[in-house]
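Chain naming follows the written order as A, B, C and D, and within any one chain the residues start at number 1.
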Amino acid sequence: MGKLSTLKDAIAEHVPDGASVAMGCGLESLIPFAASHEIIRQKKRDLQLIGPISDIQFDQLIGAGCARQVTAAWVGNVAAGLGHNFRRAVEQRIPAELVIEEHSNFTLGLALKAAAMGLPFLPTHTARGSDFARAAHFAPVSCPFTGEELLAVRALHPDVAIIHVQRADADGNAHVWGNLGVIREAALAAKKVILTCEEIVDHDVILADPNRTAVFGFCVASVVHVPFGSHPSPTQGYARRDDQFYFDYHRQTRTREGFLDWLQTWVHDINSHQEYLDRLGPDRLGPLKPSQDQRAPAINFSA
Amino acid sequence: MKARAAYTVRELMVIAAAREIRDGELAFVGMRLPLLGFAVAKELYAPRAIGVFENGIVRDWPALAPIFTMSDPPNVARALYCGGLIDVMGLLQSGRVQLGFIGGAEIDRFGNVNTHWVRERQKRTRLPGSGGAADIATLAERCIVIMSQERRRFPPRVEFVTSPGYGEGAAWRERARLKGGGPSRVITTMATFSFDPESREMILSTVHPGATVADVQRETGWPLRVAANIGTTAPPSAEELAVLRKYDPNGIWTS
Amino acid sequence: MGKLSTLKDAIAEHVPDGASVAMGCGLESLIPFAASHEIIRQKKRDLQLIGPISDIQFDQLIGAGCARQVTAAWVGNVAAGLGHNFRRAVEQRIPAELVIEEHSNFTLGLALKAAAMGLPFLPTHTARGSDFARAAHFAPVSCPFTGEELLAVRALHPDVAIIHVQRADADGNAHVWGNLGVIREAALAAKKVILTCEEIVDHDVILADPNRTAVFGFCVASVVHVPFGSHPSPTQGYARRDDQFYFDYHRQTRTREGFLDWLQTWVHDINSHQEYLDRLGPDRLGPLKPSQDQRAPAINFSA
Amino acid sequence: MKARAAYTVRELMVIAAAREIRDGELAFVGMRLPLLGFAVAKELYAPRAIGVFENGIVRDWPALAPIFTMSDPPNVARALYCGGLIDVMGLLQSGRVQLGFIGGAEIDRFGNVNTHWVRERQKRTRLPGSGGAADIATLAERCIVIMSQERRRFPPRVEFVTSPGYGEGAAWRERARLKGGGPSRVITTMATFSFDPESREMILSTVHPGATVADVQRETGWPLRVAANIGTTAPPSAEELAVLRKYDPNGIWTS
């Protein structure tokens, strides 16, 4: 179908400077780090990063100077705490000023859901009483039946969503299992989707279990085969979380210089995802592979 | 605060959290201490409790392996349900989740929690933001806040309300018609607090073994109201500690 | 867990006269006919039937005098056309007057979804311009951001949802595959759920594939083991559609007398679901069993 | 209307429906004639078309076995996607579905369709209702209506608008700000119709082989506007018929 691509080409073609980019939509798993490292290497600028949690991914992009705005519920390092680049950007404009569009996890999900469903807003009871809910992407709305006041969350349409999945066919129809976060909403809310995946499978595999289809090929612009493409975040059934990587990042990026060193080592000095895996090395990757084979029980789909 | 011989303060906090979970309840159990509390509660006094996680996971048994995020594979495998963020937040919004745990950088007299901005010596520090905390604080029937008891973290009024407690006090939540019940308890490194049902002010309920009311007052930024029947936080039983240490054998979270 | 029950006890306990009952939530499949026949046998009265399509199920309940109101998008016989009992009730008040709360499929889904999510309404672009959208369960609502006018659909909270599924554990946690219709929404919107299922499985089977869990045990009041409990409607992997049953029903129920005969034969003269299956007989049931075993492909859930 | 030797009227209608589906489009293909049309289109001129069904199914190939409802097992097995009703209706509402087919008991001059109530000789007959028809009519970019050409089914104004067409005519949809584009074509047992881009009145575009404009007028309840370039509906090709008959070998839907 012509959607199979390299990471280099997919990012070059579908992530222009100034684009709004949804990532980290599975929350702490399935984060497309291989793709965001490529964004950094290609020196994309003025991006609007969209994602609920983003666990160090947005911190890296901010530190690398790719981001103009973050639309998120939380930016930092889930296991270790604060994101040093996020702090430097917000507190000291280093490397640049950063605009923050604040959300809670739920409101960010609803903003993407509204867009996915073709609605300009969705109502909710959440975040009423939170100071961040005074921003312009929230507004009061009354229930026409009960008179209750709710919070309307404005729809959010990313230019592109980058999503890491377990398996996809060459047209971008994807099976995902485990926690789904806001993956389904982001794929439908975005104008287009870049998929990175652990395995490319025959279309027949997708059709054999249609209840697992979480992303439609008709939303997808590029499909890239990137095993361990979520490292250091986990991908259920394919990769465990590399906790030490997050702790090391936290320690090494306390200073701007430390971050620049980190970036040189893990992004700029690396020309392909294979080189990245080589740098991690088999001793580190081996233990990240799931040890058992916990199969889902059989179901019969026959007519 | 030196009860090290028998148990650590964090172990005490976990057990205090565990005791808040009633049998059959659904709870947003978060990570670290309350997640361990969920494990203890499941084994000892709330066998039918269910843990809900913002990433879309619902579990009826605690993962045994230590995890650093709710999306770590041991927390996903053999879950009761895996779906989306909106699905589980819908359970919270519809009142099916009774209980939620949150943490914070600052909490004030009326239980409002800040995880956005703090100011220390004129310097403002940006914190990560709400995550799901504002959702839990707004919507859960009962919200439990886990805090480090430090004066700078207990200002009379938080600089920024990330997760609303009782706002400005009496009847504020009712006037604002927030859906959830508000904070029911604060569990800190020195004490536990409840809230006055009328004035909605935080009330010191128990002090942990080894701490005094004066200790707690020293680490609180306003004149504390103290419960008439103030007591000592019940220490963990041997059974509670044994279960807890099964889930955190190396004390990653509780040492 | 004490939820395992007989159909007789489940209906007696959880479907009082006057209850609002959601059924047919999978649309033309998974219709819990065994349960609705038991409702007829127990002479439940003044029910409010809720369901998008209901393919002859609501027609039977209306003809049997169980229903006071129908909240639906469509009532009839999908393969054969009109529902004769529905017509007689609406046109001639036979056997009784029937109130209709009109919906489209989408608005009925949204009404249940709103309730499932704890919202008093959900907005939509659909059905604006349809005459039925002038009813009181719809109202205009403006987007506070764009000014667009949308249609608000009022939340709908059934007293009970009766749902047929492929497999459930004894606590009511259920796996469903194939089309899901409004099953998930109805289970969460309802105050309680009665499950009928093709198989009772160990809790471990549910945990081994959590992405298939469509109904939570904590919503469920009763679990009833009823193989072929959706007959004549299909259950993917367990039962094909018995098309002839629908055509026969259509022909035999043209007159009130014909319907009463049908009811005597297929409901009143039958004391249990086993007797119903016996009446169908092996020659009829045999060909309704799926012939092949189309298994879903393996996935690995291991940590 | 006697073209039986080569093909039936229903076969002609299926082929006319098939020709409305463009490659790569998503279409709510309903049941019976348009579902067969989807099968023909997929094989002959829209290989990347995708069929969407209200019960939550999305398919990129047509089921081979004859089915009576969209939830029949052959329509479920080996689908591209199985989810819920709201999921697929969301695709429609968000504009990802370009095309939808509906049927009706009555259609009027401006393409409004009624499937709720009809009146014949003072007697009102209750019909099943909207199902998903109102959703498709409101939201799809292009809506195709399949009808039996009978005078009683073509009144000047429908008694009840189940599925809005162009309402009262010119600019009505725009004023009402309906999201979809409205009916683009009507395919009947005698003819096909389009709609005037200004007045939004139904216009006779083609008559089927064997029928005349006068025949169609006789079965229409208002003075018909006839297209300047009115022609004959292109008959099915041998190839189209061969494919169609593969999917309906016994003529269940088309005889």
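Note that in this section contacts are C-beta pairs under 8 Å (C-beta built on N, C-alpha and C of every residue); 3 or more make two chains touch, one makes a residue touch a chain.
Nothing here was measured: the structure is a model prediction, and the numbers come from that model.
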Shortest walk length in steps over touching chains, chain A through to chain C: 1
Chain pair with more C-beta contacts, B-C versus C-D: C-D
Length of the line joining the C-alpha centres of chain B and chain D, rounded to whole Å: 57
Whole-Å gap between the CA centroids of chain A and chain B: 28
Chain B and chain C: spacing of chain centres that average the CA atoms, whole Å: 41
Overlap residues in chain C, where contacts from two or more other chains coincide: 118-119, 124-125, 148, 177-178, 180, 208, 211, 236-237, 240, 290, 294, 301-303
Residue numbers of chain D (touch at least two other chains): 57, 72-73, 76-78, 82-83, 93, 179
Each pair of chains that touches, named by its two labels: A-B, A-C, A-D, B-C, C-D
Interface residues, chain C side, partner chain D - complex: 26-30, 52-53, 55, 72-76, 78-79, 82-83, 86-87, 90-91, 102-107, 109-110, 113, 124-133, 148-149, 177-185, 233-234, 236-237, 240-241, 243, 246, 290, 294
Footprint of chain A on chain D - complex, ascending: 24, 26, 50, 57-58, 63, 65, 72-74, 76-83, 90-91, 93-96, 179
Residues on chain B engaged by chain A in the complex (per definition of touch): 31, 53-57, 68-73, 76-78, 82-86, 89, 92-93, 116, 123-135, 137-139, 160-164, 167, 173, 176-179
Sites on chain C touched by chain B in the complex: 115-119, 173, 188, 206-208, 210-211, 213, 216-218, 301-303
Sites on chain C touched by chain A in the complex: 118-125, 139-141, 143-146, 148, 150, 152, 154, 166, 175, 177-178, 180, 205, 208-209, 211-212, 236-238, 240, 290-303
